[in-house]
Amino acid sequence: MIEAKKFQQAYNYGFIDESTKKEIRRKMLKAVAIPGYQVPYSSPEMPISRGWGTGGLHATLSLIGPDDTFKIIDQGSDASVNACNLRNFVKRMTGCKTTFDTADATIVQTRHRIPEEVLTDKQIIVFQVPQPEILRGVERFEFKTRQMHAEADYAKMWVSLYESYVKFGAIMRGAGYPVKVNGRYIMTPSPIPRWDVPNLSHSDTLHVFAAGREKRIHCVPPHTLVEPLEFEDVKFMVEKFEGIRCSVTGEGDAFMDEIYEADGGRKHVINDSNFLDKLKLGGRPNQRLFVNPS
Amino acid sequence: MVQDNTDNWLLRVRGLTKIYGDPISNSIAYTGPKFGSNICPETDAIVACAEIDFDLYPGEVLGVVGESGSGKSTLVQLLYFDGEATGGEVYFRSFEDGDTNILRVTNQKKRYLRNHLMGMVYQNPRDGLNFKFSAGGNIAEKLLMANEFNVGRIRNRASSLLTQTEVPVERMDNAPATFSGGMQQRVQISKAIANNPPLIFLDEVTTGLDVSVQAKVLDLIRGLQQDLGISMIVVSHDLSVIRMLTDRTMVLKNGRIVESGLTDQILQDPQHAYTQLLVSSLL
Amino acid sequence: MKHFLEVRNLSKNFLLHILNDKHIPALEDISFSMDQGEIIGLTGKSGSGKSSLMKCVYRTYLASGESMVYDSSTFGPIDLIEATEHQILRIRKEEMTYCSQFLNVIPRVPAVEIVAESLLVKGVAENEAFRRSREFLERLGLPAELWDAYPSTFSGGEQQRINVARSIISQPRFLLIDEPTASLDQKTKDVVIEAILEMKRSGTSVILITHDEYTLTKLADRELKLVGGRICEAEAATA
């Protein structure tokens, strides 16, 4: 079927050869079976540099077929240069449909955001992950971090949260907040804002995290418990946008970008471009909103 | 007529052995104080310690003396799982009622033993403290390992431990690198006793400190021992430290125990030639 | 009859490996017994083996010989030559105290704390222990301004008083005391003697080494004179 739809004879369908795609899918299945566990994979050469979304492409191209609809965002935007180029590449290599509409997509590849609109069980979201090892900040040796994961020895991670609380009075982590998956492994949710972290838990969607440069895949399967690390008396909080309205739509309750104006003033705009477009057209898509503990 | 409570031991060590390199069956037989070497003449394997047998009793302070290379640090490192023993059996009353050889348990259980039931104070604070974290963070690490996930309680416990070891509490959030050597040792001691372990190891804790600081650290250790009733294994090449802190002493040479006994007996009526030499060198 | 301590044919030989395995006999064939509440004075010239005998009883020296049976309150009759180290440690902690001629303590610990420590290990409450220690040091005439100072800087007589104070304040069942009154003035001597006699009345047995005739006659029920490591039979009793 796929062979019949080869788009360009010079390349295999989806750029990566079939046996490699099969290997990546197999590793993905293993990652699904052990939620939060980092599975090493082959990470074949791509026509872009490692660190520019190769992991995301590996996952996407291994999963995608001609009937899929592909959406790719970079920091919430469908129109950034990186997103556009990768979208063109995937389209040329697979002949799939592409879309900006979150609800229409079957595969969403993303860098640094989860769409505001609730994803469904018909969709897969692929994250481009720069550093899959959440423990790298506290332990520089790979063999030691692997041992720490194997033995669920996460005290150092916790101490770094404690230290952050002592220094700043709160657990300060702008992006990549550590989460515990299915009560076992601690993993990075990739550098998404804290705002998006609660949406990983008990979602209907399969989340695939692929790091091309580091050659690791980890997954959060649908309906899996994902808990941000928090102390009994110092709780996880998402970014606060209280009283802040989007300067384009006038709406609140979404992750906002802060924009500096020429006169030194500031305004806010909703970060998720498709969500913003839908708000402008008048309908507000379904969202899962997390309420900070008081 | 005598009721002896010899079954009351806290730690029982039998045949503890550590060999680096390729041992042959004769490595142990051809090394030791009799040969004045712990290097196997046939394979160059280094027998760091061998045939170590002793019992430690609750609340007791056991000294381990010997010159550099006698295997005294190796001994406590093996017991604290800093290295893996080549052979032997170690039973620890506080762990599975002393029925399990703790050298042969899973890594998770070893970690549990290290963090809940034992403490270690190293000669070099950099071995015992994480210099990336604050003093309080170092203590927090131990408490977090014991599943204490309440920041308020962690900070309370850390500050009471620092008070106990006479570290100014206002320095709690400072990095250990900004502390004096004596203070770093105190933070290490706080960390070692954070989870109220029944047993701690002290490896040359006062070596490298100046004399006045040494005295205070020794006094602190002695006081903690009396207040908390912790059992201790004190490793030192300094016989005055051994004399001040310990009830019993083992003398190590070339990786073997050459003599053991009550500390005052070892110091005043040494039986083995090596101990006699060691004691006669006491300043 | 069961004695408090019964020593039979005790000997002590030092084998010095560093002097080409030289044998130095210290004690030979010592036999004696003592009862509860008795004070035995060990006398003899320097080097006659007084301290060695005392150290053999305390197990600082490993003695040989037939037996040395001590009627322990914890273990019952126990042979101190054969007892395990743990039994000895327990007896030392709970029953037997050794007071050497010299003060040997952790530096930088205040005098009053050193004295209080021997009460604290027996489980006396902290306030009580410190109160009694100060009281006792006052009785021994140690100036109050020295109580919180470090004894390593003290004079010989002051150190002596602290050493004696910490040994007898806890009222051990069995006291081994070496020259308690040397380098003390007459008044303090009398205080120490009175304190030891007080303990005797409450049942403490004492082995005492002294060169001081006054202390000996005041305290000892019996004198054991050692000559060259043997008990000199001629002067078996004074009191």
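As written, the chain order gives the labels A, B and C, with residue 1 at the start of each chain.
The rule is simple: a contact is a pair of C-beta atoms (placed from the backbone, for glycine too) under 8 Å apart; a residue touches a chain by one contact, two chains touch by 3 or more.
The shown structure was predicted, so the numbers you read here are calculated from the model rather than taken from an experiment.
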item: Most remote chain, CA-based centroid, reference being chain B; value: A
item: Chain ID, smallest distance between chain and overall C-alpha centroids; value: B
item: Whole-Å gap separating chain A and chain B, where each centre is the average of the chain's CA atoms; value: 47
item: Separation of mean Cα positions, chain C and chain B [Å, integer]; value: 32
item: Mean-CA-position distance for chain C and chain A (Å); value: 78
item: Complex contact set, residues of chain C against chain B; value: 14-18, 55, 58-62, 75-78, 83-89, 104-109, 117, 120-121
item: Contact footprint of chain A on chain B as seen in their complex; value: 107-108, 111, 115, 130, 132-134, 136-138, 140-142, 144-145, 149-152, 154, 173
item: Partner chain B, residues of chain A touching it in the complex; value: 138, 147, 150-153, 155-156, 158-160, 162-163, 165-167, 231-234
item: Footprint of chain C on chain B - complex, ascending; value: 1-6, 57, 60, 212, 215-216, 218-219, 222, 226, 243-244, 247-248, 261-262, 264-265, 268-269, 271-273, 276-277, 280
